[in-house]
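Read from first to last, the chains carry the letters A, B and C; within each, the first residue is number 1.
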Amino acid sequence: MSKRNWVVTTAQRLTMLAGVGFVLMAGCENKKAGQGGATASGGSAAADKTATPGVTATEIKIGQSMPYSGPASAYGVIGKGDVAYFKMINDKGGINGRKVTLISLDDAYVPVKAVENTRKLVEDEGVAFMFNTLGTANNTAIQKYLNDKGIPHLFIASGAEKWADPANHPWSMGWQPSYRTEAKIYAHYLVQEKPAAKLCVLFQNDDFGKDYLAGLHDGLGDQYDKIVVKTASYEVTDPTVDSQIVSLQAAGCDALLTATTPKFGAQSIRKVFDLGWKPLHLMSNVSVSITSVLKPAGLDKSTGLVTAAYLKDPNDPNLANDPGMNEYREFAKKYAADIDPNDANLVYAFGVSMTMVKVLTQCGNDLSRENIMRQAANLSKFTIPVTPPEIDINTSKTDFRPFSQMRLARFNGTNFEPFGQVIAAD
Amino acid sequence: MQALLHQILSGLANGAIYASVALALVMIFKATHHVNFAQGELAMFSTYMAYELIHAGVPYWIAFFLTLVFSFIVGVAVERLIMRRMQHAPELASVIVFIGLLLAFNGFAGWIFSFTMKEFPSPFASKAWYGTTYLSSHEVGMIGVTLIVLAIVFAFFRFTRLGLAMRAAAENRPSSRLVGIRVGWMLALGWGLASALGAIAGMMAAPVVFLEPNMMGPILLYGFAAALLGGIDNPWGAPIGGFLFGVLENVAGAYLVGSHLKLALALVVIILVLVFRPSGLFGRTVVVRV
Amino acid sequence: MTAVSVASPIAAGGGRPRIRRGSLWLGALLAIALVGPFVVSGYRVFQLSQVIVYAIALLGLNLLTGFSGQISLGNGAFYAIGGYVAVIVMTKAGLPYWAAPPIAGAVCFLAGSLFGRTATRLEGLYLALATFGLATATPQILKLDALESWTGGNQGIVITKPGSPVTGLINDDQWLYLFCLAVAIALFVIAWNMVRGRTGRALVALRDHPIAAATMGIDVAAYKTIAFGVSAMYTGVAGALGVLITGFISPDSFPTLVSIQFLVGSVLGGIASIFGTLFGAAFIELVPDLAKKASDAAPQAVFGVVLIACMMVMPGGLAGLVYSVRARLARGTIRRHRAES
């Protein structure tokens, strides 16, 4: 067997494979075109100009990219929850007679894959807009494409500050309060409560963690250097943060802010306790789920933790008969039976999907992309059952921050007790 | 000074986790001459098994030993059903199978047990007399367990006929067959024992890093680096590599480069060591016959 | 892990008609590759460009692992460096996009040679660890505050994708695809000549019998260094093209998963095969999507199982399978000839 023979056969096989592949792909395209997906085929019909891709008399097709595999798979619950919520809406008759189809693709938390998914959704599936795609880097990667094309990029699942920039990115909007806002709230609280505090910060070495540092800078101003004594970072690939906590304790702090994801939040609670260190422990609201963070770390070890919340905690025994949470639990039981109803990510999915439904309802029969964006920026005192009653959602043409209020809460060993006033970010 | 002591002790505690993973890697390497990249995920899966047993009301230590048995069986099964067929395949094909196993176990665990973090109990009471603010009682217990396991593994290879037979089977298959060693079963046994050792590592690590499907990923890299640092064919060198690595990483992070570069620095140090001592600190130098 | 067994032995031979038939088939493949993007949608064109980029990266890995026998779990690092060099060249130095891949390749060649030079003493597992360490450390180094003015730090950098110069005829996606294709063809031809020439023979000798090779006067360290440099160059060019088609770069774009993917693709195609890379690239690009379609609940588990099954069926990758099937067919033909005569 000579090498050339082998080359020849390989080339043959590859050519045939490629040929078959193209025929299949082309076939798919034709099928799509046949279904009447109004993709860019030139202005063939004047009527097509007003029609939004993905919107028919009976359906609104939308898309998202989610990490169902890879290191951030824990957030996959949000995507599954979103899909489940729209299933519930469709079972109840849809929105103004239209059913919502949410196509949720896996990006393994890799930006390149998110770009690919978005293009597939927009160009092949012909979705009306993108909803609740997760991850700061992944959304940054698709933001330009969507804004260039004028496709709504709504309720981004990331707390970065940059989604609230209507002047430069009029088609992108976040949903949750930004991490920076949250850190600002902690800064104000610290100045009021403990003006002589020595603060240490543990943060994840990425966008998420660094936004907390930026927020502290905003909130503390020129006092930053006086109050923040030491910061330490960790990588998501670190097995533990024990060493960082030991370093921070050695700096002599009496307050600690942990800007971490759940796993490292639980680790820091454990290590702080083991060291016999008793700082005022401020914990990012990403990592305060009672079942999946505080319980593994130990409820007794978590007592005294302070956080700023905007969603209700599904584990809170005081909310066992709360009508809003009962509505949520009913949804969880019926439509998301395979997901732990105490997972805070499912509460998030419920809230964000409900906001989306509100926007689409407000659109009425004008489901043009412009109007969807206009209505998303036209929410006034909208409340959802999974937030505390004092907190509501407001947006306007210049304010792309649906949430700008939070409430401080302290963990008393069984649940988070709210204290103080609802705090607005600005 | 006190802070330095603290960092060193905390590094030893982390080192115990790396050491126990390194031990499992040594076990399988000595039995099959493979490095099993799926070792961590197998350990994670076993730990979930223990979690289920404990939640069903089984007392900790009984659950512990039942898990070891379960893991042993899973290890043997993987060898018999999958690796057996890869015997004559190129080395790299086996590596890809390990990656496949890693992804599959991780994915299945997420599917069955969800990605939500679970609480995993420590067998060592949190207010025991041996716990201090320098080393918690679990950390002391964990270091103790690692040392005991190390002694057992060392004795197994050094003093038992089975250990010797296993080494022989890995070293030279045809000659081992000629002296009556059942090579196939030796390989399966190696997988089973490595899997059980991994389960111990998982159950000791879970109270520290918390139980979730991705818990062993980072630890495996550290365990692998530790094993190579100490010598991957050496049952006492590899765990020492683990302890060294734990301390090195903490001290580097706290005093030399800052926590964001501690892994990078630790790896650079290890690579430099390997450039000068290619078989690790305590490894046996292999002489190649021409 | 030093002995990488190979699917295709390098041997001389092959008759003239064969060559002609071979070029015919290659021509047909090229024709399809040229016409293809004008038949399918923009997303598919993007996906095909991604396959080409991966194929180049896999080729880089094959040159290293398949031909010189050095394993690398860290080529993702060079992929990242190539991407960043491309972005810096375009945004800071203001050079046109077509200058980015060659510059990225040159920088990566230097980086790879330097790394390869240090790593010449490491083999097998130890080299695997060193390269994996490189892949793990790269994103952390890219995030450093000191480099932020160049790399954009955690935020990453969004670039304007190059447009087509003939917009009416070829749209932007198709233009980029053709650009990637042209670069790929050039690199494949170079690789093809290299493995058949003096360098290739020296590398294969090194892989199969390092000691014999050394006694024959092959400078082991020099060749291993070159192999690393060339491999890094290919991967760096792929990284530069990758960022051109994606339009975005950040440290999070390069988890160690990227390096693992390269290894998976390379082994699946056939580790010492040049054309196998196309199959490997298509596999790592398309199979994860299929896995998600097969199972919403556990796509990663499905992918893992598919991977194991593939390796059990074709341990030598696609090229190995093709080779053994042909060998069997050839034996059959000989037997028939004998029976007839």
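Here is the rule we use: a residue touches a chain if its C-beta (ideal position, glycine included) is under 8 Å from a C-beta of that chain, and two chains touch if they have at least 3 such contacts.
Model, not experiment: these values are computed from the prediction.
Most remote chain with respect to subunit B, judged by CA-atom centres, is A. A count of contacting C-beta pairs for A-B and for A-C identifies A-C as the more extensively joined pair. Computed from the mean C-alpha positions, the centre of subunit B lies at a distance of 32 Å from the centre of subunit C. Taking each chain's centre as the mean of its C-alpha atoms, subunit A lies 34 Å from subunit C. In subunit A, the residues touching two or more other chains are 69, 71, 73, 205, 235, 237. Counting partner chains per residue, subunit C shows two or more touched chains at residues 136, 140, 143, 297, 299-300, 303.
Within subunit B, the positions touching two or more other chains are listed as 107, 110, 221, 260, 263.
Interface residues of subunit A, counted against subunit C in their complex, comprise 1-15, 17-19, 22, 25-26, 29, 32, 39, 68-71, 73, 105-106, 108-113, 115-116, 119-120, 122-124, 137, 140-141, 143-145, 205-207, 210, 235, 237, 338. Across the complex, subunit B meets subunit A through its residues 2-3, 6-7, 10-11, 13-14, 17, 107, 110, 114-120, 133, 136, 139, 208-215, 217-219, 221-222, 249-250, 253-254, 258-260, 262-263. Across the complex, subunit C is touched by residues 35, 82, 85-86, 88-93, 95-97, 99-108, 110-111, 221, 224-225, 228, 232, 260-261, 263-264, 267-268, 270-271, 274-275, 278, 288, 290 of subunit B.
Chain contact summary for the complex, subunit C toward subunit A: residues 8-14, 18-19, 21-22, 25-26, 28-29, 32-33, 36, 39-44, 46-47, 50, 136, 140, 143, 154-156, 158, 242, 246-248, 250-253, 255-258, 273, 275-276, 278-279, 288-289, 292, 296-297, 299-300, 303, 319, 322-323, 326-327, 330. Put simply, subunit C touches subunit B in their complex at residues 1, 3-5, 65, 71, 118-119, 121-123, 125-126, 128-130, 132-133, 136-137, 140-141, 143-144, 211-212, 260, 263-264, 267-268, 271, 297-308, 311-312, 315-317.
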